[in-house]
Amino acid sequence: MSGASELRLHCAARSSCVAPVRHALRAFLEALGFDARSLDDVTTAAGEALANAVEHAYGTESARDAGVELLARFDGDRLAVDVADRGSFKKRPPLPGRGFGLRIVRAVARQIRIETADGTRVKMQFPGPYQKR
Amino acid sequence: MSGASELRLHCAARSSCVAPVRHALRAFLEALGFDARSLDDVTTAAGEALANAVEHAYGTESARDAGVELLARFDGDRLAVDVADRGSFKKRPPLPGRGFGLRIVRAVARQIRIETADGTRVKMQFPGPYQKR
Amino acid sequence: MNGDDGIQRIRLTGELEISRKREIRDAFGIVPGAKAALVDLAEVTYADSTALTELLRFCVTAQRDGIPIAVVIRTQQFARLVQYAGLANAFRIFEEPGEALAYLNECVDA
Amino acid sequence: MNGDDGIQRIRLTGELEISRKREIRDAFGIVPGAKAALVDLAEVTYADSTALTELLRFCVTAQRDGIPIAVVIRTQQFARLVQYAGLANAFRIFEEPGEALAYLNECVDA
């Protein structure tokens, strides 16, 4: 027994997988006693990062099986959520009327870092306090 | 990205915590694509082990804060679920009309081992295949 | 008693688990004058051994007092839980309240 | 068109997210003859940027064509999403369909 709580979920990078992973994250945070606003914000941000992995990471259908991983870690104080894929980050100028995903993540998270050395890893930290009990 | 999926949830050993932890386990398994029967069986077994930690592990109210931990691990093939507390296992003859908890766990799990060296750890393994997709 | 047929109705819904132990126990009691009891758990979405223990306690007491009991269970999780606990023959289980009532009426008339 | 007031109704419910992208896109289209459109998202329980992108595309096109749009959003998650995306002023948002309709009727009459 370590005291920290962790959720690590590995799934195929398909659009049908995003909602179930998001629901699992929500239920995980609910079990930790997070308040409604935090539940919404954290799952919203994670949902955007997951959707990006599904939309942008992989060039071919079969490559999607390399998957996407959600990692949420709560040490009783700070919540960190990573979303990682094995694809390649697509640096490009934002299309008009798009590009809301990362903007939303930035609005919600206290800190976001995107590592693109080996696939893409979006590392988010969320401001506390978030627990209701 | 490791490929394996894991849920580790640490909560106070109170009866109000059992359902949220069970719901988180269910959502975790749903995200992994488990079928309805497996979802029911695994959460039923885990629910019994969690309830036992709440009911039997700790002698005093304040000791409950040492908590209970659920650990579920799926490697794409085998599912293992541990429920651990920091209390003391109570060996005693079964009361009449009670003692259903561990019997239910045994009926569901392919294998169960109870370690009582340092608190109680109920280690359950579940038979596969459990995934619908 | 919810009807004038002498059959007491007990109805519980949702998740019957450890955090509702007291409520479950309080719900399971025979009212004076009841000739039989229908335990309607059709809308229970999840049950654990806490619920089973209270249900069994109730059924044993009632049967000792000669009061027939019928239990309605519809959820598969709950039906399997009863099997896993080895209680499939400890009380009469029905899937429909109508069937349970017919059974109890027969018991009461006999 | 669901009424005879010339106001088109578009209603989506549940979780508006990436797996429903196609359905969301298909729902957002102005029917011939519509003088205004009411986008009723009151019963959306969750929305992501996929939904926002489609909604924005629809509103921009409609406004270019001089067709007033009113969007009903009630869920807090969705309302905050719009804020986070910086779209609070991109379309008219109402909490009640009645208010949205009143606004559109005014636009159409004016």
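A few comments on the model shown:
Every chain is named by a letter (A, B, C and D) in the order it is written, and numbering of its residues begins at 1.
What we mean here is this: a residue touches a chain if its C-beta (ideal position, glycine included) is under 8 Å from a C-beta of that chain, and two chains touch if they have at least 3 such contacts.
Here the structure is a predicted model, which is why all the values come from computation and not from measurement.
Considering every other chain in turn, none proves to be in contact with both chain A and chain D. Chain D has its Cα centroid 45 Å from the Cα centroid of chain B. Taking each chain's centre as the average of its CA atoms, chain A and chain B sit 26 Å apart.
With centres defined as mean CA coordinates, chain D is found 49 Å away from chain C.
Counting partners per residue, chain B has no residue that reaches two or more other chains. Within chain D, contacts with two or more other chains are made by no residue at all. Chain pairs recorded as touching, per the definition above, are A-B, A-D, B-C. Residues of chain B that touch chain C in their complex: 15-16, 18-19, 36-37, 40-41, 43-44, 47-48, 51, 54-55, 97-98, 100-101, 103-104, 107-108. Residues of chain D touching chain A in their complex: 15, 17-19, 21, 46, 48-50, 52-53, 56-57, 60, 76-77, 80-81, 83-87. For chain A in complex with chain B, the residues that touch the partner chain are 1-11, 17, 20-21, 23-24, 26-28, 30-32, 67, 69, 84-86, 119.
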